[in-house]
Structure formats: structure tokens, C-alpha cells
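Structure, as C-alpha cells:
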Amino acid sequence: MILDAQNIEMSYGQLKVLHGVSLQVEEGQTFAIIGPNGAGKTTLFKVLTGERMASAGTVSFRGQDVSKLPAFKRARLGFGRTFQVARIFTELDLLTNVVIPIEARIRASGKSPGHWWSWEPSREVRAEAEDILERLGFPRQRWEDEAQYLSHGDRKRLEFCVALATRPGILMLDEPTAGMSPSDRREMTRFLARFKAETGITIVMTEHDMDLIFELADRLMVLNYGEVIAVGEPAAVRDDPMVREVYLGKGGQHA
Amino acid sequence: MMSLYLYAIYNGLVLGLAIFLVSSGLTLAFGIMKIFNFAHGAFFMVGAYTAYALTGQEASSLFVFLGAALVAALLIGFVGVIADFAVFRRLAGVPAEYTLMAAFGILLLSNGVSKIAFGQAVHTVYPPEALSAFLDVGIPVSVYGLFIIGAGIVVFLALEVGLNRLWFGKLVLAVARDPWMANVAGLRVQRLKLFSVVLAFALAGLAGGLLVANQALSLDLGHSYLLYAFCVVIVGGLGSIRGAFIASILFGLAESLNAVVLPSLPGIATYSLLIILVLIRPQGLYPELSQ
Amino acid sequence: MKLAARLSLAVLLVAFLLAPFLVHPGLVFIAGFAMIQIVFALSWNLLFSYAGLVSFGHAAFFGIGAYVSAVALRYGWHINFLLIPPISAVLGAAAAFLVAIVVLRRANGIQFSVLTLALSQLVVVLIGYSEYLGHDEGISAIPRPVINLGIATLDLNNPLASYYFVIVIGLIAIALIWLVVHGPIGRTMQAVRIDPERAAFVGIDVWRLRVVAFTLSGGFAALAGSLLAPWAQIVHPDYVNWLASAQPLFATLLGGAGFFWGPVVGVLGLAWLNYAMRTFVGLSEIMIGASLLVVVLLAPQGILGALRDAVRRRRGKVAGEHR
């Protein structure tokens, strides 16, 4: 079991957002978390990645208790993260965006990413960054482009490069297709499926796109008002009457 | 010995309330408009010079003295409007450093203009007849000092009541807390902001007019009070009048007792107090309007 | 565009190097002073544009360097003056390190800035107490040293020698800052400035980086300060107060904070303004105040930013290409 969360409780002041949520993710699995808006998906995500500390409960990664670790330490242990609205280093070019996490990873492992006086990234770092950009469909002529001029879909792809550059053990994807056009969504779905098959990486994601989930997810968890109301294989969860009630019975929240 | 401490405490209160008079406008400016108004000290100084220009070295009556202070307040308030329209309004979404730089630019501008208009001489100004007496209650208590304490308390109460109880004040606070929401709720955000700017600057001018007889009048007048005012605004909580009031008294007392307890180390109390307080409670005493 | 920039830099360098032969001694003095201010402003911008921290009290570190150097010269310490700038830099860096680990744990954003202001004013006040440091008048009549280089001696009483001493050390400092900023540390700093949370999520220890940035920045500021003592031959608390701390901020924003050479342009601009208006009481403040307002309102990217935009607009019109 690569990720194990036990009885996560989270309150913002008086407002309790998560009531004893537990989840287990196996290595190589794709685990999806869904639920209506306000169900606590983002909060749970923040607790898992270290953006926020839970009020109670534990999070373990590869058997190690990471509950008290800040985000950067979890990132160094192997958490890769993307955001609902892609966060990239806007004023820097594509190549530098990928170089930075690579150098951070090397530095975290105790080695030096390059001499402090060298004003270009080292050959190895540069090669790795170029490789990642190419694999994700960014051709050489775009590498010097400034990241802030990228389209929304390209930003998400670049953010994926940034996450990959840390060589994560687990990918935490927060609504990977949010804001995308239908064709971009299909593209992303295809890409994630291929990537999953090639690398066998563990993925935890929150999503509203049911097609993506049924295509990719091995396990599905449904949250509502901060509680787990169903968890299991996607087909089984879909047919669960409580889940149907949450999504269709109460005014038909769009999933 | 006891009387020395009593005197220091009295002096501290006078200084504290004087600092409050100056900081009240700065607090308002920061809380409402998020402007770190470096120029505040300059406007305080110009207010003082304006009042001096109207009353001469000694105001002929208490009425004249107060009237001059009021005129200074109105004048500086008007200047504040110009500054707001010309400068601050345009810097709404811009990072704080630029607003700071703009405020500093205004400070330098007013310093330069003041140098030319008022000259670099130092003037001594005396309080009006009605306030120039000394009471002997074991320690020499100046009536003018009592006046400053009284003025400070009056301004504090006026602002507290005005902002928290009166409907108009509540509107101003609403705009400060959430301009977008206030706009949605139909409030005339721009007008309210303008009113706040006028009030903040007018307070600076008023402070200048009221405090002009407290010390030697020179171009440096703004600087020392400005530094105190910044300390107060940070310690009190950005934008909190109550916090500014308490912080002002704290700093006034600290400075005054410093002179008695550690006369060879002047000024150390203020900065030490600031550092300690900010480290213990970075958000300020009353962080109501901080982000 | 890059060619024009490189050419301008080269011209500037040559102007600095040939100044004693081109202009009268008054301007040479200003040139040396400008070089010191340039290093100081670059050290400030290291913190601002590269780590995203606004320091209002940087003159405190500058002052450490200035006073260490002044004391060493005035009170005749038996130490080769060539060692004084590096020693000042180390002391400045150490002070900055201490401040950083205390302040950065607790304060961010505006509280950080105000704390730096308070700390530097505290330093001013503390200097004022000290008789050894000359109270409020400072230390004056600082003698220029004779430096023993082993194979020769460098007599800084020779005006040419002292000028080139300042220029050479200044250039070394600038080169070092350039290297730091363009290397892996600089890239990490930029990531932290642009999006600290994102940086954390790729495994960057944001707090540690800010401490490193502050330490380096304080060290370079102190290095600049150490050159002031032999150059101006007087140091006083006015070089350490909040107004002195604001100078690198203005120079940087005036020249353009987003550019490495922005502070250089800004310092030279301010120096020119101060010099041109020196005979008119109050006019220099009006001009500088007005310039600051103009930059903030019309050209927030500073002089270099305005130039870059003008070039881009011209290019857009001529070649018809869109960015």
C-alpha cells in the first residue's frame, strides 16, 4: 500500500469539513475521488499533499508517517502535484520551468545540480528537461517561449512536465481536465491512459469528468459533506443507490 | 523619585496621544485604501506650517488656534483628494512596492516644495494664552499637554463611534473589508473611498494644526512622528483605530519612561518594543482589517 | 536588441574605467560613489526580484561594512586592507543570516518589511550611543590605506589608485552577483518569487532559500559599504537610516526591477538628477519625487522596461509580427 490515510478530520474554524475520511491506495492504482462541489474533495487533497495539516488523522506514504510533514518534504518523498488551475512559473521559459524541479530534486538528494558559477544548466539536467518536454509534445522551437503566453491546455501539459520532473512516486492530480474543451479532454484522457500503461505510476485524482474516471480509475471514492459514502470499483460505485441519490436525487448535481 | 516617574507617565500620555493624532489618519489610509502612505508625515508637517502661517508665533485665542487647525485639516484633506485622483486611485491592483514608491515620491515632492515655500529655518511656536498655563499637582502639568490628551481622546471616540456605530461609518468599514461585495451590494464604493481619503488626510492636517505648538517647527517634523506612526500602525493592527490608540499610548509611555530609566540610551525602547511585539504578535493587536 | 544592450554596457564600462581621464575630480568622486551604490542596489534587487522579499532596512548591512571599514582605517588596525571588504562581507552575511532565521520564521510580506525597517533603525540608534563609532556625527577624516600586495604596494592616497580600487572591487562584486543570479540558485530563487507554493510542491525548501538569499544579499550590501569608508573618508548614521535603505529600492524600480541591470540604470539616473539639481535647494527632491511618480504611474517597469516596450512596439509596426 503506497498511500494510507486514516480518519482524516479537518475543520476551518467552527466549520467541520472532513469527518473521519480514510482511504488506501495500492501501488500502480489509479484512485479517483469524486463528489458534489463542497463535498471536501479539495480539502482532502490538500491534506494528502501537505498543503494543509489535518485537525486529526494520519497520512502514511510507503509506510512512513507524513502527517506532520510540510508540502516540500512530501514532494521530496515522491508526491507530484498538479493544480486545478495550472500553476507554472509564468515569467520563465518552458525549459527553465522543467529545469527548476529537476535541479530541486538533485539538490534534495544531497548532490549539487551544477556549479554555482555556471550560468547554464548542466548538460545532464538540460537533457532530462528536453526529454520530458519532447515526450509531452513540446517541440524544440517552443522551449524558449515564455510560459505565460501558453494556452490553457498547454499550461496543463507544461504543469504535467513540471510534476514529472520531480520523478514522483505518486501523482496527485487535482481536476486534470478542468476548464478544457471536449477534444482536449479526450486528448488528456488518452495521454493519461498511455502514461499509466507505460510507467505504472500511482495516480490519485479528483475529477468531475466521468468519462475520464471510467476510462482510467481502478478505484473510485465518493465524498459527500465530508464523509465517504462509497468506495470501490467504479462500476460498482456507480450502481450504488446512495451514490445515485447524492448525484441525481438531490437536484441532479452535474457530475 | 516617585514624582519623576509620575511626570514621565504624564509626558508619555501626552506623547502617546500626540502620536495617536498623527497615526489615526495613517491607520485609516492603510485600513481603507491599503496605502502605506509615506507621505503622511509630510502632510502632517504641511498642516503644521499652514496653521502656523495663519496664527503666527502665538495664536491670539483658543478659538483662532482651533480654527487654524481646522483650516489646515480642510486644506490637507483637499490635497489628499488630488493625491488620490492623480496617484493612488490608479494604483489599485499594483504590487505594494509601487504604492510605497508613489507615496515616497509625494513625500519628496512636498519636502522639496516645502523647502522652497517655507525655508529651512526653525520656528518656535507657542500655544495660545488659554492653554499656556501650568498646573502644579506635585508635578508640573502643562494645560497644553492636557489639551493634547483631550484632543486625542476626542478624536478616538469620534472615529470609534463614527466608524462602528453610525451608518455612514459602517459603510466605510464595509468598503474597507470587501470592496467587491460592497459594490455588489450597491454601495457607492468610489464615493466612500473618496470620503475615507479626505478623512485620513484631514486627520493628518488636523494633527499638524493641533500639535504645532508642541515643539520646534521645522521640515524634519514629519520624520520622527512618521516613524512612530508606522510602528503604531503595525503593532496596533493594520487599519484598526482601537489598536492604534492602544499602541500609541504604549509607545508614548515607552519613549517617555526610556528617558527616565535609561537616559543614556534614548530611542531604544521604541524599536525594541516594536521588534518584540511584532515577533510575538505579527498580525497586530487588533487584526480586524488585515488580510 | 541584445546587441544594443551589450554595446551600452560596454560603453558604460569604458566610461567608468576612463572617468579620471575624461571628467573633473568632482564627477570622478560621484562615479566612485555610484559604483558603491550600484553594488548596494544590486544586492537589494537580489532579494527583491529574485527572492521576492522587500527589505526596508538594507542600509543596516551596508552600514556594518562601512563602519567596520571605517574603524579599521581610522583606529589603525594592523590588517591588510585588502582583507577588509571580504571580512565586512562575511560579517554582513552573518548579521543577515541571524536576522533571517529569526524574522523569516514568523513574518512574511509586510510584517517582514516593517521588521527590517525597525531593525535597521535600531542599528542607527545603537550606533548613535557609541562614542567609538562617533555618535551621530560618525567617523570622519578616515585615512586612505597603503596596501601591501607583496610584490608591490598600492597607495590609495593616490586618487587614481583609490578610484580603481573601488571600481575593480565593485566590478568583481557585480560579476559575483551576476553568476549567483544566473546559476541554479538564481533559478530556484525566481521560482520562489513567482510562486512560492508551486516551488514547495516541487520540493524546494522555500524558507531555507529565503534565508540563503537574505544572507547573500546582506553580504554584498556590506561589501559595498566597506568601500565607502576609504572613498568618501567619512561614514555617519545617515548612511544607515531608513532613507538610505530606500535608495536601492528607488534605484531598482526606477531602472526596472525585472532586469538584472535595472538597478545600475536607476543608480546612474538618480546620481545624475542629484548632480544636476545640486545648486537648487529643494529642486533635487522635487525632481526625484516627480521621477518616482512618473515611473510608478506611467512606466512601472522602469526605464529599461519602457525602452523594451518601445522597441517591441517599433518592431511590431515595422515587421508586422505579433507577440
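As written, the chains take the letters A, B and C, and residue 1 is the first residue of each chain.
To be clear about the criterion, contacts are C-beta pairs under 8 Å (C-beta built on N, C-alpha and C of every residue); 3 or more make two chains touch, one makes a residue touch a chain.
Since the structure is predicted, the reported quantities are computational estimates derived from the model, not experimental observations.
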Averaging each chain's C-alpha atoms to get its centre, pick out the one most distant from subunit C.
-> A
Would you mind telling me which chain pair, A-C or B-C, is linked by more contacting C-beta pairs?
-> B-C
Between subunit B and subunit A, distance of the C-alpha-averaged centres to the nearest whole Å | 50
Measure off the straight-line distance from the CA centroid of subunit A to the CA centroid of subunit C, and report it in whole Å.
-> 42
So, what's the distance in Å between the C-alpha centres of subunit C and subunit B?
-> 33
At least two other chains touched by the same residue of subunit B: list those residues.
-> none
What part of subunit A is in contact with subunit C in the complex they form?
-> 49, 51, 70-72, 75-76, 79, 81, 83, 87-92, 96, 99-101, 103-105, 107-108, 112-119, 121, 149, 162-163, 165-166
Okay, in this complex, where on subunit C does subunit B touch?
-> 48, 54, 102-103, 106-107, 110-111, 114-115, 117-119, 121-122, 125-126, 128-129, 242, 246, 249-250, 253, 281-293, 295-297, 300
Which part of subunit B faces subunit C closely enough to touch in the complex?
-> 36, 87, 90-91, 94, 96-102, 104-116, 120, 227, 230-231, 234, 238, 264-268, 271-272, 274-275, 278-279, 282-283
Any idea which subunit C residues touch subunit A in the complex?
-> 178-180, 182-185, 187-188, 190-191, 194-195, 197-206, 258, 323
